[in-house]
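In the two complexes below, chain A is the common chain; its partner is chain B in one and chain C in the other.
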Partner chain A sequence: MTRRALTNWLLLAAGLVVMAVMPALVSEYNLNMVVTILIYSLFALSFNILFGQAGLLSFGHAAYFGVGAYTSVILFKMAGFSLLPGILGASVAGGILGLLLGIFVVRLNGTYFALLTLAFNALLYAGAEKWRGLTGGEDGVAAMRPDLYIPGLGDVGMFSTLHWYYFVLIVVLLSTLFCWHFTKTPLGRLNECLRENEDRARFIGYNVYASQVVVNIISAFFAGLAGGLAGAFQEFVTVTFINLDKASEVLIMTFVGGSGTFWGPILGVSFLTYLNQWLSDLTEHWTLIQGIIFVALVMYAPQGLSGLLISVKDRLLGARAARMATAKETR
Partner chain B sequence: MLEVKNLCKNFGPLEIICGIDLQVAEGQRHAIIGPNGAGKTTFFNLLSGNYKPSSGEIYFKGQKISNLQPHQINRLGLGRSFQITNVFPGLSVLENVRSVVLSRHGIRFNFFRTVERMAAINQESMEILEQIGLAERAGHLAGEMAYGEQRALEIGLVLASNPEMVLLDEPTAGMSVDETREAVKLVDRVTQGKTLMIIEHDMEVVFTLADVITVINYGQVLASGPPDEIRNHPKVKEAYLGTGASC
Partner chain C sequence: MDILAALPVQALHGLVYGMLLFLVASGLTLIFGMMGVLNFAHGALYMLGAYFSYTVLQLTGQFWLCLLVAPLVVGLAGMIIERFFLRRVHVFGHAHELLLTFGMAYIIEELVKIFWGNEPLRVVLPPILAGSVPLLGIEYPVYRLFILGVSLLVFVLMFLVLYKTRAGIIVRAAVANTRMVNALGFNVPLVFLLLFGMGAWLAGLAGVIGGPYLITNPGMASTIIIDLFVVVVVGGLGSIQGALIASLLIGQLQSIGIMILPQFAMFFEFLLMALVLIFRPQGLMGESK
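== the complex of A and B ==
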């Protein structure tokens, strides 16, 4: 194992330990903030499968998130689903929507892709607002968070913040693990080939369109899962889960964290969520400060916080390695 | 191996290719030459499925391919390179080649197994890098390599799909004399046993590599035959060789 791999594993292990003992470290109020960070991290990761890895900028990712949230809450309320089937239903709903919209949106690139995703998101938002019988319109739908049924153990109550935290942690960790693994698989690698040069991929035997539809489904599945968790967390869902603010929120969080690395979106979500919490205690104009940070990053650090961290690390640790590399090249 | 029948392509009123008939036998090394704007690259774009013909037909191994998509044509065993380097710049050299090898083995939608663990795929990819002389560059980003190396990778991407027929669009474009010599050796070596069709401006290259030369001018076949016949063809001399300083 190289030294770098060892460092990464140690960092990961330390992170897992911190997450495992988190409830002992922070107040219940802050534990809820950590749950929010976990859920939105998953949302941002799913967004980055398209944005960072596939190079497709979606302005409408809230469509999948919102449909997931509505699905879980409606399944809890109207069909009496327990927790896990409800969350799973949300992911499947997200995935199905990913297929239906993917058929249309991945035909296009760049600006047109962005505009079409925006249009579909606006359409679904309008649908959620008008279809009062199902969605409750602006009033939304509320449903208590159901128990988690585990075969052999019976029902585990989810009313306790502690139980709920561990449930979300496990679901998000497993999903993150899958998304990480995905980047190492043939389809995940192809996804990055398509970002780099979609045109060439056609001439080496790839059906670009079909591949991008599948990637869109995977991304939408996890966005739906994040939405399902968010619905269960709030025990309530309304049009703010599917509006364009939500779509831009995930975009900004991913951008601030940096789309060029796998963990950048998680960093962005953690940073902005914490910042919002902290600033909103100090001033009611915290969105202004958030906006300034966003603009500054776009202008001066387009690789986001993760890009900043990497360049700082390279400067501190990599100077020697860089010298060695140059020596090797000129040799 | 390849048969082109009365092929035409026009963009609006502009006729680029008008009535090309051509046959390429298996194992033949066929060069396409012609002045700038003669329609050579458009011809390749039609063969590889990038453009749809306005009329006429293309058959590859007896199968009609003029209505197929580029990826379908590639899977049948017709690979092409590009005049302007067309690689995956932000990925490593190994990954560039590996993406082709994966496709050739039909591993296109797998999202369960990691690529690192596919030993046979990685070994095959490394073998191709050895063939094109880039094995030591495996970990480098394709977009950060020297121009000559990128051109070699361009050929490597064609090679990796192990096509029965290879279309090379000016593999020596923009190269110095020395680089060109190396590139010709590379092309000669890696296309042994395959059917080759090559667009080339450098006459020395053409006469070294090809056993049949087709001259295209104004989207039509001006002449086609063995190198000696083409060299002495009066119409060709007039249209191309006579005025070309490269001869």
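== the complex of A and C ==
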């Protein structure tokens, strides 16, 4: 194992340990903030499968998130589902929508992809607002977070923040692991290849269309999962889960963190959520500051915060390497 | 009221909104056609027009002065956005330009909330525009006819400029083939700057006349932006005639649709956009590039 890989593994292990003992470190209020960060991290990761890895800029990713949120809350309320089946139902609903929309959207790219995703999101938003019988319109639907049934253990209450935190942590970690592993699979590699040169992939003989539909389903599945968790977390879902502001939010968070790295979206979500928490005590114009940060990064650091970190690290390492080289020469 | 009897009036409503939409969309579609950038901030510029107009009216009490000053200020704002922001991210490609204008829209919307507040503002019209006249069997507000008149006037002027002047030929040529126009020695960045300013000026003008009609409020940008995108997509890349047809179509879809199927009026529009994108991505009047 190289030294660099070792450092990465150690960092990862340290991160896991911190996450595991988090409830002992922070107040219940802040633990809820961490849960929010976890859920939105998953949402942003799913978004980045399209944006960063496939190079497809979607303005309508809230469609999957929102449908996931509605599915879980409605399943809890009307069908009496317990926690895990409800969340799973949300992901499957997201995935099915990913298939239905994917059939149309992945044919396009660039601005037209952005526009069509926006149009579908707006369509679903209008649907959620009008279909009051199911969604409650602007009033929304509320349902208590059900217990988690574990075979052999019985029901585990999810009312306590502690239990809920560990549940979300495990679900998000497993999903993140899957998404990370996905980038190493042949399909994940092909996905990035399509971003760089779609024609070449087609010449080699890949079925570009089918693979992009599958990638869209995977992305939508995890967006639905994140939405399902968010619905269960708020114990409530309304049109703000599926509106265009929600779609913008995930785009901004992902971009600020940096779409070029796998971990960038998580960084963006953590940074902006924390900054929001900190600044909203000081000023009510948080959204303006968020917008300015976003534009500044678009102009001066298109790779986002993770890109900035990497270039700073490279510069430091480069300086050290240069120092060592001169030291060797003078010796 | 009987549906058939109401039809002409609803069609007139739709025509007024459609023409207003065209004012905003025409600049957007030309910029999109030439620069390949879909300007997300275009709706925000339209909103700025309405708010500047409100402020000028507060200060001077002259609605006609608003019509002159506010669009100019918005045009200037548009040129600043193009020159100092958009041009700098041009090297990173269209996705970044799209993201930049998206961020600018976000910022403008927040600034409007800070300076003018969240509440809708009321614009008092001069007496000559405030009344109503008998038309199609009802009393029709003069102001809506005024909107129709201004929009028609601007459309005719724009058409003449685009098709009868040298400047118009350069713009249309740049839409068709930007690189060739550049190679022929025209200063394409300058054309972009002026066109962007012109588009913003039109959006500002539409804001001034649309504000009293559609209510000046901080949500007016995000309300109109979807309609704008639908117009640009349905009309076709950079096609001014396409934009006109699509705007009028949207106007009718909204006003007639709301009368026949109030629950589903919104769907028709998105459905139209989705269908065009799926089956005819270049738009009704656009040529595929």
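The working rule: the second predicted complex is superposed on the first by the 317 of 331 C-alpha atoms of A that agree within 3 Å, B and C clash if a C-alpha of one lies under 4 Å from a C-alpha of the other, contacts with A are read in each partner's own complex, and residues count from 1 in each chain.
To be clear about the criterion, a contact is a pair of C-beta atoms (placed from the backbone, for glycine too) under 8 Å apart; a residue touches a chain by one contact, two chains touch by 3 or more.
Source: prediction; values computed, not measured.
By the touch criterion defined above, A:R315 lies against neither chain B nor chain C after alignment on the C-alpha atoms of chain A. Of the two partner chains placed by superposition, only chain C is touched by A:M299; chain B is not. Looking at the superposition, the partner that touches the larger set of chain A residues, chain B or chain C, turns out to be C.
Contacts of A:H285 after superposition on the shared chain: chain C is touched, whereas chain B is not. In the overlay built on the shared chain, the residue A:A119 is in contact with chain C alone; chain B does not reach it.
Judged by the touch definition given at the top, the superposed model places A:T111 against chain C, while chain B stays out of reach.
For the contact definition in use here, the chain B contact set and the chain C contact set of chain A share no residue. Note for the complex: chain C touches chain A at residues 32, 36, 38, 85, 88-89, 92, 94-96, 98-100, 102-104, 106-107, 110-111, 114, 222, 226, 229-230, 233, 263-264, 266-267, 270-271, 273-274, 277-278, 281. The residues of chain A lying in touch with chain C in their complex are 55, 57, 104, 107-108, 110-112, 114-116, 118-120, 122-123, 126-127, 130, 244, 248, 251-252, 255, 285, 287-288, 290-292, 294-295, 298-299, 302.
Per the touch definition, chain A reaches chain B in the complex via residues 181-182, 184-190, 192-193, 195-197, 199-208, 210-211, 214, 218. Of all residues in chain B, only 48-50, 69-71, 74-75, 79-80, 82, 86-91, 95, 98-100, 102-104, 107-116, 157, 160-161 touch chain A in the complex they form.
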